[in-house]
Amino acid sequence: MAGSFCKGRFFSLFDYKTEKYIVAKNKKVGVLYRLFQLFVFGYIIGWVFISKKGYQETDEAIQSSVITKLKGVSITNTTESGLLVWGPEDYVIPPQGEAVLFVVTNFFETPNQKLGYCAESPKVLDGHCRDDKDCKKGKMVVAGHGGMSGRCLRKDENSTGTCEIYGWCPIEKTNRPQRPLLTNAENFTIYIKNFIKFPKFGFSKSNVLQTTDESYLRKCRYNEELHPYCPIFRLGDITRRAGFKFQDMDTFGGSIGIMIEWDCDLDKGDCHPRYYFTRLDISGCNKTLTTGFNFRHTRYFKNAAGESYRSLFKVYGVRFNIMVYGKAGAFSIVSTAISLAGGLALLGAGAFFCDLVLLYLIKKGEAYRERKFEGSR
Amino acid sequence: MAGSFCKGRFFSLFDYKTEKYIVAKNKKVGVLYRLFQLFVFGYIIGWVFISKKGYQETDEAIQSSVITKLKGVSITNTTESGLLVWGPEDYVIPPQGEAVLFVVTNFFETPNQKLGYCAESPKVLDGHCRDDKDCKKGKMVVAGHGGMSGRCLRKDENSTGTCEIYGWCPIEKTNRPQRPLLTNAENFTIYIKNFIKFPKFGFSKSNVLQTTDESYLRKCRYNEELHPYCPIFRLGDITRRAGFKFQDMDTFGGSIGIMIEWDCDLDKGDCHPRYYFTRLDISGCNKTLTTGFNFRHTRYFKNAAGESYRSLFKVYGVRFNIMVYGKAGAFSIVSTAISLAGGLALLGAGAFFCDLVLLYLIKKGEAYRERKFEGSR
Amino acid sequence: MAGSFCKGRFFSLFDYKTEKYIVAKNKKVGVLYRLFQLFVFGYIIGWVFISKKGYQETDEAIQSSVITKLKGVSITNTTESGLLVWGPEDYVIPPQGEAVLFVVTNFFETPNQKLGYCAESPKVLDGHCRDDKDCKKGKMVVAGHGGMSGRCLRKDENSTGTCEIYGWCPIEKTNRPQRPLLTNAENFTIYIKNFIKFPKFGFSKSNVLQTTDESYLRKCRYNEELHPYCPIFRLGDITRRAGFKFQDMDTFGGSIGIMIEWDCDLDKGDCHPRYYFTRLDISGCNKTLTTGFNFRHTRYFKNAAGESYRSLFKVYGVRFNIMVYGKAGAFSIVSTAISLAGGLALLGAGAFFCDLVLLYLIKKGEAYRERKFEGSR
């Protein structure tokens, strides 16, 4: 007896149990449910599988290396600096070819500054004075250029003057620049070498054509159709593609984002870089106070007597920020199963909703309720 | 006949089929299931929809541009360097206003180094010698300052000396600094201009007030309530908000993280920057050997004879690392459906668990099993 | 009556309703479904819970700070530069110890350049000329070194010459380098200090041993088993672990990625850094034109008369890019529930598939259909 019981148990283990359904011959709810089913299958096939490629395992941990190199030369002529030749070693800051780089398009040099005493710039609010008492000796001028000596320098007794300071003299005379000095910066070219790896799939690629023709990379220019693997861009073209003229930003400076997107479908072997350009410092077309980009840097010298003097450069220019992102996908049975199950779970939600309609919203609901719930009374 | 069969088939296609349930008049399991349902609905509404905003499509691929500018000036007086004025062009490294920047708070200058022969620093273990044989000519001193000349320089024959090296002489005399030299670095201000874009929604914003009042950004200071769009911070305030005194890190240096978070709900038009500050080089409050941040940089000069000499600066200071992250969300019907279905899937798990209780854990389980599984015997 | 009705309603609220199943005594489908169930439970336990740790809440927003410091010294001897000593302050660019750093292994100096007139380099295609008309005065030489003066410099009337330019003269004589000059760069060591924080869990850690033994970090070398918390690496070891010899990249330069991975299981208190090294500028082992890494930088001087002159350095070297990524996980009841429900949803998909087999693919399907769908006729 026990044996046959166990045997029965054992066999019933392999009996397939399937939910019992009752058929509600209600066309409205039936059509509603079928429509919902159609929608879900459409969603699974169209959205999850075709658009989102839910059958693929993806790797978003892209490893990327960016190297940049600029070419072009410009000559400027100013009263302060004389005739000056600017090569990439001068106008690219920092010069080491990073993914974030600044290209000088305008500058103002204050040469031969020495440590000493002179009047603070009248533009510094905290340096204004009417009296020596306003310039407390040793006090630093807030947002200014040095420490107060204790003297107030005025034209005459009734006017407002500025404190004398100890600092690098003469003080920089900043004026709003009128026009860019590196006039042909627009024609400089930037070579962007990007190398990516998707470690999960052991896949790596570069955005540069693997060629043995040495002269190709000297002469080519990027073109989406003709030269997609020649990553050399004219600066003027970059700003144009970002929706701006180079002239909009060469006087006061600006900031441009260069996005390189790698959206790789390794099943198809389809993995190409796409370039997007966007201006990063302006919203819409309203120019505001906060637009522009400049900073100061210095070159230090020593004279024969060992005294230090320096040239202070206020440089305006365009900052390029190269950002690489991407993902790679390849078929995976686990991803397929999860995507499928996730979609099918939606069917349950639809059945739940149709049940509510059937049992509570239509006239014969009470009858269906009794049939659906066996033993409810 | 075939027609009527097909017609039957066709109509039965639109019959709605709904699962048949049996009602188990067992209050314990019933209450258990209702509680579970309540929990799931609470979870869906409270967690998924209100807290996690599951009805929104999100964009986490934030594009960000950070520009920084420091203001403030300091004067130092040391025997090696004399009276020196430090402006942002000197104490910010690199000077180009990047998102990662270093502010000098302390330094040690070794001026007028020339290439030549001198004794290696006694601090370099590998440079110690008792004999000329310890200083093999041409060998580089590991972690030292130059190449050995072959001579061992000792006070007398019995003492331990250091090898003579060819290098930049005199060798830097490093001592543990006692106090910071840029004493008012705490009062320097940093202006952080951050511009973000969410490409999926075409939404962009800046953390700087769009004002026509030129003087606003000269005078304002950040204040969460009063001036949330004035991104100008005193360095001392930043370290204070990170939980440290500026004096904890101005002598030996340190590292501060400035996080800007944009958590944008575009449905409500609610998109504001929030600032978080954290010290990045210390855990808890235990100071260890590894704390501090310093590096060396040089300035090269040439004398009238064309010979090179240089100033070596060992600078200590605070590194600021500005990190921007964020996400934007906006209503999407697909996201709503997925979140809903995911939540409802939980109901199935609850029913599965209650079934187990009903069929196997309570006394009348056998009876329910027979009713639930039709035709099991 | 109404009271008893309501009471009935109220009690039926707590009746547990469970789906009615019909038992199909079909062993094939039964075994199929059981196998599927086994697969799903295996998937949930093995993949979701053990491999993916689905019971944990994770924090992927790792906050990281990287500081680097190099040690080592090298002496070079060239006709242009003479005997030169290179310390970290010279060969690390930029010197401030960032996560992206460049180590000079080879260089070519063009000393004493002055602004003036000289012949363009014959390597610049755009500077070639047969006639003064080819050198339009004031025109910039594309990818060249200056602006044309209007003269064509030729050996004799029939040969091709180069335009005279106004630029920094003499022009750099670039030749393909034959061998590296900083021969012992391989033995330089890099100290990588990484500090991470997982803000969600308030957990922070460093990759440096917290020791009071000052000499430990002077002498130790990284070793996965013996010294996992001594983050000091020989450059040669780094390239070797990336699968390349240092000699493969010291002449022309290269790019190495150093990945630090923190995969933390905070439940077990298991949180250690792991280091991975990969070459970022080469795919497979084919060397192409695009390999190598070099850039130019300058040092400016002024002579007694105030005239500027400069040294132009073309430096070749290895760029190290330190990338930190990681995640931390800790037990969370919500994550457990979601993972469980997601896995169980798969069961529904399996039942759906088995139903199709039972009802439409096996012989007795019609009979099962009638039993499953009550009232279908």
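Just a few scattered comments:
Order of writing sets the chain letters: A, B and C. Residues in each chain are counted from 1.
Assume contacts are C-beta pairs under 8 Å (C-beta built on N, C-alpha and C of every residue); 3 or more make two chains touch, one makes a residue touch a chain.
Fair warning: this is a prediction, and the values are worked out from it, not measured in the lab.
Subunit C is reached from subunit B by a rotation of 120°, derived from superposing Cα atoms (nearest 5).
For the touching copies subunit A and subunit C, the fraction of interface residue numbers used by both falls below half; the interface is of the different-residue type. For the pair subunit A and subunit C, the distance between C-alpha centroids works out to 16 Å. Listed for subunit A are residues 12, 15, 17, 19-23, 25, 94, 301, 304, 342, 345, 348, 371, 373-374, 376, each touching two or more other chains.
The residues of subunit A lying in touch with subunit C in their complex are 11-23, 25, 61, 63-65, 67, 69, 71-75, 83-85, 87-90, 94-98, 112, 184, 187, 189, 193, 195, 197, 199, 204-206, 208, 210-212, 214, 217-218, 299, 301, 303-304, 334, 337-338, 340-342, 344-345, 348, 371, 373-374, 376. Of all residues in subunit B, those touching subunit C in their complex are 12, 15, 17, 19-27, 29-34, 43, 47, 93-94, 100, 102, 115, 125, 140-147, 166-168, 255, 257, 259, 278, 280-283, 286, 288-290, 293, 295-298, 300-302, 304, 306, 312, 319, 321, 323, 325, 342, 345-346, 348-349, 351-352, 354-355, 358, 368, 371-376.
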